[in-house]
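Order of writing sets the labels: A, B, C and D. Residues in every chain begin at 1.
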Amino acid sequence: MHDQTKRSLFSAMLRIRRVEEALATRYAEQMMRCPMHLCIGQEAIAVGVCAALRKEDKVFSNHRAHGHYLAKGGDLSAMVAELYGRVTGCCGGRGGSMHLVDLDVGFMGATPIVGGTVPLAVGSAWAASLKGTPDVTVSFLGDGCFEEGVVHESLNFSALHRLPIIFVCENNDFSVYTRRDERQPNRPIYRIAEAHGMPAVAADGNDVEMVSSLVRTAVENARNGRGPQFLEFDAYRWREHCGPDFDDHLKYRSVQEIESGMNNCPIDRYRKVLLQSGCLDQQACTGIEAQIRKEVSAAFEFALASSKPTIKDAWEKVYA
Amino acid sequence: MHDQTKRSLFSAMLRIRRVEEALATRYAEQMMRCPMHLCIGQEAIAVGVCAALRKEDKVFSNHRAHGHYLAKGGDLSAMVAELYGRVTGCCGGRGGSMHLVDLDVGFMGATPIVGGTVPLAVGSAWAASLKGTPDVTVSFLGDGCFEEGVVHESLNFSALHRLPIIFVCENNDFSVYTRRDERQPNRPIYRIAEAHGMPAVAADGNDVEMVSSLVRTAVENARNGRGPQFLEFDAYRWREHCGPDFDDHLKYRSVQEIESGMNNCPIDRYRKVLLQSGCLDQQACTGIEAQIRKEVSAAFEFALASSKPTIKDAWEKVYA
Amino acid sequence: MHDVAERQLTFAEAIRESLDQAMEKDSRVIVIGEGVPDPKAIFNTTAGLCQKYGARRVFDMPLSENGLTGACIGAALSGIRPVMIHQRIDFALLAMDQLVNNAAKWHYMFNGKASVPMVVRMIVGRGWGQGPQHSQSLQAMFAMVPGLKVVMPTTAHDAKGMMIAAIEDDNPVLFIEHRWLHHVSDNVPDYYYRVPIGQARTLHEGSDVTVAAFSYMAFEALIAAKSMSMEMGIGLDVIDMRTVRPLDVESVLTSVRKTGRLIVADTAFRTGSIAGELISQVVEQAFSFLKAPPVRIASPDFPTPTSPFMAEDYYPGPQTIADAALDLMGKTKEADGYRRMSAVLVRKGPHDAPNREFSGPF
Amino acid sequence: MHDVAERQLTFAEAIRESLDQAMEKDSRVIVIGEGVPDPKAIFNTTAGLCQKYGARRVFDMPLSENGLTGACIGAALSGIRPVMIHQRIDFALLAMDQLVNNAAKWHYMFNGKASVPMVVRMIVGRGWGQGPQHSQSLQAMFAMVPGLKVVMPTTAHDAKGMMIAAIEDDNPVLFIEHRWLHHVSDNVPDYYYRVPIGQARTLHEGSDVTVAAFSYMAFEALIAAKSMSMEMGIGLDVIDMRTVRPLDVESVLTSVRKTGRLIVADTAFRTGSIAGELISQVVEQAFSFLKAPPVRIASPDFPTPTSPFMAEDYYPGPQTIADAALDLMGKTKEADGYRRMSAVLVRKGPHDAPNREFSGPF
């Protein structure tokens, strides 16, 4: 991997982190009046996956969408404006954090019904195959999705027609406050995909290079007619399920667990690697931080300066 | 296995066959005015499974229910009367062929939405586990069910809570006129169950003794707290998907295929085995046939002599 | 009555032709559903399509109603125009999530950036013991969802034209077909034409009572109207609603302003039916024109029993409509011509198979 | 107003207590839902139950809405009495098949041999950007299904009593809770009591206009009624419908025969709402008593937008109801006391969070 590629993997992760930290901080002002699910701690997956994609490739996401959206190249200002409910938001304010879209970069949409976009991603891959375009589609899905029947239906159909889709499972072991072992029997998730007839791999989702290289292979397979590919990545959600805060006080997971999750920070880990290998130095780091800081405050300024929609706007576009 | 047991396996299969043949013959009179899915050719599964159950054990079934109902001990006259839409029918005429029930023998119900009763069977097993009764529940499901999400949800939940349920898949390779390879990728069905975390076996569904002994083991496991068990049995549907006739003329399957399916007749096979081993002789066979013939005509007489419900009856029992 | 064309097709044939012509015209159109390419070809409405357009555009489908609805939505978002088919509308209950949460809302949620041009054909079963799970008329359940369009054509002519309009529409359109209309024929032009979604159509003119009817009930209302007019000189204004969402209330209002009397006839369970919605809208807007309270004709509020002996009096028919019209006019069964009319209306064939006495054209 | 009891509980606390007492009384009752035993305990309505009754009776649940609904039906058929919970009613769309095809029909299909005694709690979201997929009011979709019962209590008193009645009922009862009622308190007796399903209740008496309202809209109607009475001397007869199926039309008819004017206020999208059904039934039965066409108050026919700036005028409130009542009486905004009333009705807090000004008791 080129040094430049490594640096962009790193800064893409850092950018997502900083954006979300800024969102978390400013959420308390109560001007972003919508539910928000942060992906802090899980950035390596979003970034590793999207780095292996072309702009024309498609991505479908879920309630925890910020990272996917940004990694795929989604417009930061339009995202922040969306959280502030402004007309310049990527959905004109109609969606909020749980509904992001940027068709220009192949980010097809995110919605919060668990598993809800998975069959849509399959449909997108199906369309590519019908139209004969070379695009692949990525479906980001949480560990919770494997309890939803529609996800199995999606796996079955994509395997049946050997569609160019890559399922990326972000396994953070939780659905809200419920651990996986209270929702699923003791068996690996990727085996489900395997049983549906597609190649499946499980790996550490905190290692951005590993994520990216696995996805690169999967994309190549999918793009070359070898059908759907499945990747399961471990991850750890640092903050509360929904909202900006940490949630140690709820005690549904131990402080040790949270600490060990945070100690496995994909960004710190990668920074260390890059510093050690000389691919990055302290100054470059500072430069990246500064650049991100500038971009983030510009996005907030843009959002706050944007005009507010009214109920009149809300009457529009019920039908195409 | 005792000779007596073998003989009853044989006559149970033959009884189902003769009942359905009689239904098929008389269906043309247009007095049984409801859709009807015959299981002719698939009798060994119904009989082998139910022979391994106690009366208190529960069974849930689907649109192709006659065999399951009769094998579990369901009242033949009430079934025939149900097909004739009479008040003495097991549903008082409200259901017809696709809705059978006989609670006295643990036949909990059959309905025609594909996969629809599978989670109910799981709920029945769950209830047994909550109440601490030793009953197991059997869910009969076709190969088509593995495309329905709800079935995966059911497998997941039963494995999670290690419920006393046995899933029996009758794989006849068809959903209506569509072969399995047009609906599912090329992978074995039982592997799906395995991936959901339960022991799973596939076997020949035309060998009634094999079916019964596999189910016996599965029942023992389920009854003893070892969680859900999965069995997949090959089968061949001889007649049309819905209706009394053969359907060679539709040409969705070759005459050779149909012939080889019918050559594998579970009843003929078993008769031969039992005759050879001396467990059965020609005279006993004739006796069994005669006995069944008597029972069948009595059932039709009962049905036809039963009174007809009216719209007044239909207004009743919307609510408990 | 409409375009002059001597050619007669059944409703089922008209559907087939509309799919054929739409696929011919627009290579983005695909057809998918359980049994689409099988020997029975969805009551023959998809016959020959797979042979003509190939297995890449005409699909069978796994038994995955929700997942495949989602896949069709995803394909529609990506430039494909899927026509999805459920042999029984009851199966579509499995797909409510995708239809309501995604198909209906995607265009709106994403501020019009994308749209979901898909058609879902759903067939309402009836007769021969279809029973509780295979004969529900669920139109109101879909019609209450903003973002969906729901059509229920009655004539073969409209079936073709509305199917084409539905396929060309950039929104999700649920196309509900009553099974008992499939064999009824009508003049159907052989060219490619549209019948607009959202417009009702008068099937029979009269100035005494307005009968706004949906799908098969419009067929029954027409039979009632003809006999009433012939035998009793009573004029029913029969409006075939054709679309369930958006409702063409305007056409009903116009008629009610003329007749002052309204019957709404629906194929669904009475309570919560779209008939109630229509009555409510008419009353809200034309209260002062009504000479009597509107009347709703629908199926009783219990599941459809299988037994033919129970199903016999389950469905309202032309006689029910005629009796309600008489009532509204304050006339009794002693009225002149009533017996003659009833003698005409009496069903001759079995009650649980489609009426072959009148099989078109409209 | 009802049982004398000085104790005040919020709606959420009342639900919790009802579950607690029902579980105590009947060991067949179990509670299951996503998050039931988690630290947030379904907005605290299940807090402590798992500790008290154990993990065999108080369950978390996989994200399998349809499958688990089926499992609950199966358990209910086998002598268990499950209470299933969806944190958003929108998720129940995934379970339509099991609810409509099985739960609603099992007792009927099998001739009364078995029944499905289960309760499904479904919470309607509102405010703070819940948005299009998390704030639908889907009661009409369920209420149109014969075999289901659907309740929507408004007061904490009724929440407890109707939950107990629902759990004791041998039929599937859908128990719909508006999130914005959870914090509202009322006199709630500490003993085990039932409030019958299918009976409306008058929250405020008046003889000028009948307001039949559902759930949170009954709360809004009560606020309107108090101010109208106080400031304008106009009397609204506010009927809290409490049950959506079966509808207590009789109570509305009685009131309409007195007032001659009807407003129906619903929390749902306007078209296809249960408000239309109720208006239609009232008109069919009390046409001659009506002095003016009935009026429907509901949400507009588009998905709920997330942005607070768009959501601000999305929901009708007390002012909408008051204005409609004035209209019906032929009065204008110039009428005496109108300004004073409007000043009282104006929202002080943010529009997208529950109104804390009036938080009970009723």
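Here, contacts are C-beta pairs under 8 Å (C-beta built on N, C-alpha and C of every residue); 3 or more make two chains touch, one makes a residue touch a chain.
Not measured: the values here are computed from a predicted model.
Novice: Specify the chain most distant from chain A by Cα centroid.
Specialist: B
Novice: Go ahead and note the Å separation of the Cα centroids belonging to chain A and chain D.
Specialist: Chain centres of chain A and chain D, defined by C-alpha means, are spaced 37 Å apart.
Novice: State, to the nearest whole Å, the distance from the C-alpha centre of chain C to the C-alpha centre of chain D.
Specialist: Here chain C and chain D have centroids separated by 32 Å.
Novice: In whole angstrom, what separates the CA-based centres of chain B and chain D?
Specialist: Roughly 43 Å separates the two chain centres.
Novice: Which residue numbers or ranges of chain A touch two or more of the other chains?
Specialist: Correct list: 91-92, 94-95, 99, 111, 113, 116, 147-150, 152-153, 156, 160, 182-184, 318.
Novice: What positions in chain D touch 2 or more of the other chains?
Specialist: Residue numbers touching two or more other chains: 62, 64, 66-67, 90, 94, 97, 101, 108-109, 131-133, 146-147, 301-303.
Novice: For the protein chains shown, what form does their contact graph take: line, ring, star, complete or other?
Specialist: Here the contact pattern is complete, since every chain touches every other one.
Novice: Under the touch definition given earlier, write down the residues of chain D that touch chain B in their complex.
Specialist: 30, 56-57, 62, 64, 66-80, 97-98, 101-102, 106-117, 146-147, 149, 170-171
Novice: What part of chain A is in contact with chain B in the complex they form?
Specialist: Chain A reaches chain B through residues 146-153, 156, 159-160, 182-187, 191-192, 194-198.
Novice: Going by the contact rule set out above, which residues of chain A touch chain D in the complex?
Specialist: 33-35, 85-86, 89, 91-99, 111-116, 144-145, 147-150, 175-178, 182-184, 250-252, 308-311, 313-315, 318
Novice: Tell me, which parts of chain A touch chain C in their complex?
Specialist: So the residues of chain A touching chain C come out as 58, 60, 90-92, 94-95, 99, 101, 103, 108-109, 111, 113, 116-128, 130-131, 149-150, 152-154, 156-157, 160, 316-320.
Novice: Help me check something: in the complex, which residues belonging to chain C touch chain D?
Specialist: Per the touch definition, chain C meets chain D at residues 66, 90, 93-94, 96-97, 100-101, 104-105, 108-109, 131-133, 136, 140-141, 143-147, 245, 247, 268-269, 271-277, 279-281, 283-285, 287-288, 290, 292-296, 301-303.
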